Amino acid sequence: MKIGIFLCHCGHNIKHTVDVARVKEYFQKFLNVAVAEDYPFLCSEPGQELIRSRTEAEGLDRVIIAACAPTLHQDMFKDLVKKGGLNPFLLRRVSVREHCSWVGDDIGKNTDKAIRLIKAGVYGSSHYIPLEEKQVDVTQSAMVIGGGVSGLSAALFLSNQGMHVYLVEKEAELGGHVRKLRNVWPSGKDGSELIDEMVETLRDRENVEIFTSTRMVSFGGSFGNYEATLETPAGESTVKAGGVIVAIGFAPFDPISKPELGYGKDKRIVTTLELENGLDELGLPANPRVAVLHCVGSRDEQIGKPYCSRVCCINALRAGQTVKEKFEHSYVESFYMDVRAHPKGGEEFYEDTQEKGVLFTRGNVGEIIPTPAGVLVRGEDTLFGELLEREFDLAVLSIGMSPPKDNQYIASLLKITLDKDKFFLEAHPKLRPYDTALKGIFIAGTCSGPKDMEESINHGRASAVKLFGLLNLGYAFVEPFVAMVDPKRCSGCRACEQACVAKAIKFDDGERIVRVEEAACMGCGLCNSTCPSSAIGLKGHADSSINDEVGAILEAI
Amino acid sequence: MGERYLQEKHVLVVGGGIGGITAALELASCGVRVTMLEGGPSIGGRMIQLDKTFPTLDCSSCTLTPKMVEVALHPRIELMTLAKPMGIERNGKGFSVSIQKRPRFVDMKKCTACGACSGACVMKGRLSDEFNLRLSKRAAIYIPFPQAVPQKYLVDGDGCLFVSRGKCKKACVEACETRAINFDEKEEIIESYYDAIVLAPGFDLYDATEKREYGYGSLEGVMTGIEFERICSVTGPTGGEMVINGKTPKRFYFIQCVGSRDRQTGARFCSRVCCMYTAKHATIVRDRVKDAEIYVSYIDVRAYGKNYEEFYKSTQEGGTYYIRGIPGDITQGEKGLLVRVEDMLSGELREIEADLVVLATGVRPRKDTAELCNLLKVDRDEYGFIRTDSIAPSRTSTKGVFVCGMASGPKDVPDTVASGGEAASRCLEYIGEQ
Amino acid sequence: MKGKRVDKKTIEVGLNQFLSDDRNLVLGFAKEPDGVSHRIFKNELGPLSLFNPYFGINGAFFLRRMFSKGQKLLLLLRPCEIRASVELVKLTQTERESIIAVSVDCLGALSSKDASDGLPDDYKEIADILASSEKVRPACKTCKERRGIVGNAGIRVGQDGTLWAVPYDEKGVEFCGLFAGDNEELPAAMLVGEATKTEPFLSDMTEFSKDFAKCIMCMNCRDMCPVCFCIDCVFNGNDYLPKGDALLNKIFRGGTTSLPSGKELFHLIRMFHVSQTCVGCGACEEACPQGIPLTKYFKGISERLQGMFSYTSGRNVEEQIPYLTFLEDELKDAAD
Amino acid sequence: MAEEAKKDIPEIVGFACSFCSFKASEMAGSLRMKYPEGIKIVQVPCSSRVDPAFVIKALFEGADGAFVAGCHPGDCHFIKGNYYTRRKIAALKEMFKAFSMDKKIKLFWVSASEARRFVEKVEHMYKEIKEGNNEGKKG
């Protein structure tokens, strides 16, 4: 082995508190070290040239750069050793500045520490293997599960970009919940028109295959090459897709599970949607008295729905306005906890609703009792702390969003996770809100939690862009630092497979060992530390490498 | 498909906050060339100023810094800091843009971010640090914050004696071993053609001095939410110690909806983030200050996002008193600040003493959004946010110009991220048509 | 709980009926002229020893990498052996489908080193011999679960000496179907009851060094451990226990070392590896030529570590091994 | 447990994840925070890469203490890795507790911006071990 060590002074930054001459001298005599040089600024042009030329001239097979933190200038140094004829993954960075010269003042002790850190780099890198950024072919097609507004948005974008799209919907008709809305807030447009426009565009595209009344029955493969079996009315069909967008939406909260509200027992107790779509058929008197209840099936820990459903306040406001518009002299009272009119234009809409004469009472409605004269709304006024009991001609329930019915089924097929409320769990709540732990599988729209239409469209399209970015080249780069199985040593205990977060490990039934789907592997190394015999290892971070680094730190200078 | 034709396309992203970063990274990963303009010296936007983010209380720089670095290293993204568009002309389906690039006075290739210059600067500790909202001091040559991207120092032209007055011994130049400091650097104008533009200029916060009754700027102990955020932050002026004017406050009063849902301040709209960031602040105080008394004044608590309601509940259960009602005024009392508020739940008028009052100031369009929109002939709404269509949430009134993030209206981080992705998707469709 | 009242005869008849199918096998103990040992019976039941105070090897050891090709294997073993087999099922080291695991109430055992040829097979005599002998295995003295309540079914003994076949799941029902009779309510008290709780294991390095001073690193303890299933152990390579050149290199780099080196390393790392799967059977101690009290350490540590996750190895095949899963809301004070 | 006499300067080996804790240690450097030179850090991609065997080996090859540092639970760059770390290292600590050596192993959650927290944690550990070593000497 021919090792080259380049020590940077970083001007005074390292040199001031580390005796660079002593370090250099120490390593000049070190086994296998062919080059030990120091230089004021390795990142400067002459410094770069020094590394490149010495690497080339000496035919170094390891280069240790002892300078600043490893992320700084990493690409530049990698490029240099590559130009010098060395595989860039045989480069080792040692952070002498951030981890030694800047954190201690004693030159003697710092120099010892620097020697140990560099030695750790030498020992650790001796176990490195040349690596390459591999490419794997990916299928340039996507499967979108769920034909609601989110799924349609995703399909529209992907097909526009030339990807083959399989759109799978379990119902006979595309459009999801938006299709049922006659008046989509805030635009006031007809939901079915919006949907029809999207569906027609999709139907016109040759690269879109729509499967309605279809259920997915099996799912396998890994990133870039997923495979699903669909049960269509025309029989079974197998599709291959590079990635999947799950957009299976939500299930409206069923108010029957709150029997005290009397829904289903009396025609005068309806949901907001029923009100919007059938106000005329309700047979209300000329000046009706209408109660609107917010948060039915939301913010209710007793029924296991502690979350806010995000859209029902606006729906409730709209219900109030709808009644007021038709019956100018109606009496409309809204019972709320907080009015969450947060969407753009929502607050103005709330003010507007108040101006139109809808009364807002901060209260908890405990029960609704149908009587011959009307429906009796009983509860507590939480603003004044008194009991309330009022009679209305109609009670409108603004129901929340519950997790989609197929959540468990899809989650177990795709091996993705549900959150505590049984919506799908995102990879990161903020920066990866529509990703899952599995590469190439996204969750868009309300299936990961309540959202309004605009947010669902954003989600659908944003996840589609991400998927397109992963697949658009027809191949994907595989990180070189992935797990690797030694088939001779693997006992096939499947412990790594159980633990793997990215589900990148698959069991080979025939050989009784596991295999790594490199394209799906995140490179965390959890499998490696889970395997008792380290038969699965993480490239670039082998057990021997880490153990030797520790050894170097602890051994005598 | 894909790569071949997209490689030639070039998109301009204006703004380097989380919205712009998301849009730029998505576009670049789809094969487009991207130029990102950032007016300030580092990307990261508002989010990087935050200590923690709700509702998980995870550290904002942990999640954002890798993204910032990704932007800097991405082969298809060109990052220009201290730069803004000066003139924009439609040119076919795209735009000819002239970009003004202010001098940094530091050669980015040579700077090693060692900080020797800053230590030598005669103005050291004498200029207000904008990143910490003027709560701390810096030198005239400085790095805006430790995780800044690019990791390079810069000279503040107004603060530097040599740049502003032409007189200084230039100790920084001597201190710099790589000779990276170059006072001859001049402002540059760069002309370029872009196939589409994504606007992500972000937002400003309501100027709380306008709300005189709260005494912000005149009463000691009244600060804004973002200032409090810096106080909490480990990279902030106090290093994360909850110390204000040398003392750790014990009685905290948070006021929500300052400059939101308030016609008098010209904003009827809800700012969407203040309820939750207040709950976050209350939780942080509860964690760090023993026996703290914490009050929150509110109109409605809008905890609408995923796990937000649960976070609000746990904040309440952790011992934060929520008072429904917004205070009328704040005055200096004998033993601290006096907050007068009508508690709408009990109907009584209360006077509550506090050591620190934090105003949850609402969101405003960035001041330079108007200028930017005029250049592009993009419509804005009555508040100055960029007008969009709820069916195509990033589409503006000008073809080929898309918007994401707070510029089109208040959004929290996940919504901003999704809107960044959506803007990228519309942008790709637009440039694909050409 | 319900079960079928059986006796030695009905068991024999039932098992012979089971073995009449060519593909079926029974793994249990056989009483041989030279003593008791494990045996796999085919076609017909030989000298089955249902009860005996003998422990040499943990029977689950034989199941490692046993994947049937349509055969069915009925296990009639001690609870600790059945528990080890359950852990091996979890680790895909043996097949779940083809195994019917029946745990037999256990009164404890003598070490194979101390067992004489004439071991009794009646539970009363066994109880007597164990009560009078000081050589009851340490593992048995501190056994946490002697009751035949693990696996698919159990053979339990009533206080009056009655035998009961008790099913725990569908496969167990199938097993009990081999015997005539109806299900009856089990007596309230059985001969073998719940073990008393022991104090958590506590030791220190001085004690450990003293106990392991005699270790010759033969690694028999590992080789005979039923749950140490790796085909190629990490200690075979040079990473943890350098040998030959690697050892010399290490000495040149780091200085002197006493040989055999890495005793603590070997035992402590192995202790962690089996910490969740160890059933405390004491097979390691049985295998140790030096008489090191391995059970004390391995069993003590594993009980302590399993307790953190309310896990008991081999109790339930559906329970996941704790290191392979997690709860978001747990171990709040794990970090310092 | 080195056979040689206890050193005055404790050697502490830390395993720190690339995305949070190692970043925090880098930042501690950039901010010129000081901590004892006996503390040395090995970079791992994720705290879940740390095999408890590494920690055991470090301790038996002469380290006076070892720590594993990762992102706060829920913040893992690899989504769930640190939850596994938490289980394994908690168990390892419990094992060492049984041998009355629990002070030698620590688990820290340090996010990328928490340079100060990083320094506080390692300094505290260092002090504790140093005091322990000195007591051992006296006794």
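Observations, loosely collected:
Order as written gives the chain letters A, B, C and D; numbering starts at 1 within each chain.
Assume a contact is a pair of C-beta atoms (placed from the backbone, for glycine too) under 8 Å apart; a residue touches a chain by one contact, two chains touch by 3 or more.
Please read all numbers here as calculations on a predicted model, not as lab measurements.
With steps allowed only between chains in touch, the distance from chain A over to chain D comes to 1. Chain closest to the overall centre, judged by the mean of its C-alpha atoms against the mean of all protein C-alpha atoms: A.
Distance between chain centres (mean CA atoms), chain A to chain C: 43 Å.
Averaging C-alpha coordinates per chain places the centre of chain C 36 Å away from that of chain D. Between chain A and chain B, the centres computed from C-alpha atoms are 24 Å apart. The set of chain C residues that touch two or more partner chains comprises 234, 240, 254, 323. Counting partners per residue, chain B has 56, 58, 63, 113 as the residues that reach two or more other chains.
Chain contacts: chain A has residues 71, 428, 499, 530, 534, 543, 547, 551, 554-555 touching two or more partner chains. Chain pairs that touch, as defined above: A-B, A-C, A-D, B-D, C-D. Listing the residues of chain A that touch chain C in their complex gives 488-495, 498-499, 507, 512, 530, 532-535, 543-544, 547, 551, 554-556.
Every residue of chain D that touches chain C in the complex is listed here, in rising order: 1, 3, 52-53, 56-57, 60-61, 67, 73-74, 80, 83-84, 86-95, 98-101, 106-109, 121, 125. On chain D, the positions that touch chain A within their shared complex are 11, 13, 15, 25-30, 32-37, 40-46, 48-54, 57-58, 61-63, 78-81, 84, 88. Of all residues in chain B, those touching chain A in their complex are 1-3, 6, 18, 22, 26, 29-31, 53, 55-56, 58, 63-64, 67, 69, 73, 110, 112-114, 116, 151, 177-178, 261, 268-270, 272, 300-310, 313, 324, 344-347, 385, 389-393, 408-410, 413-415, 417-422, 424-426, 428-429, 432. Touching chain D in their complex are the following residues of chain A: 69-71, 95, 97-100, 102-106, 109-110, 112-113, 116-117, 120, 427-428, 437, 481, 499, 501-502, 522-526, 528-530, 534, 538, 541, 543, 546-547, 549-551, 553-555.
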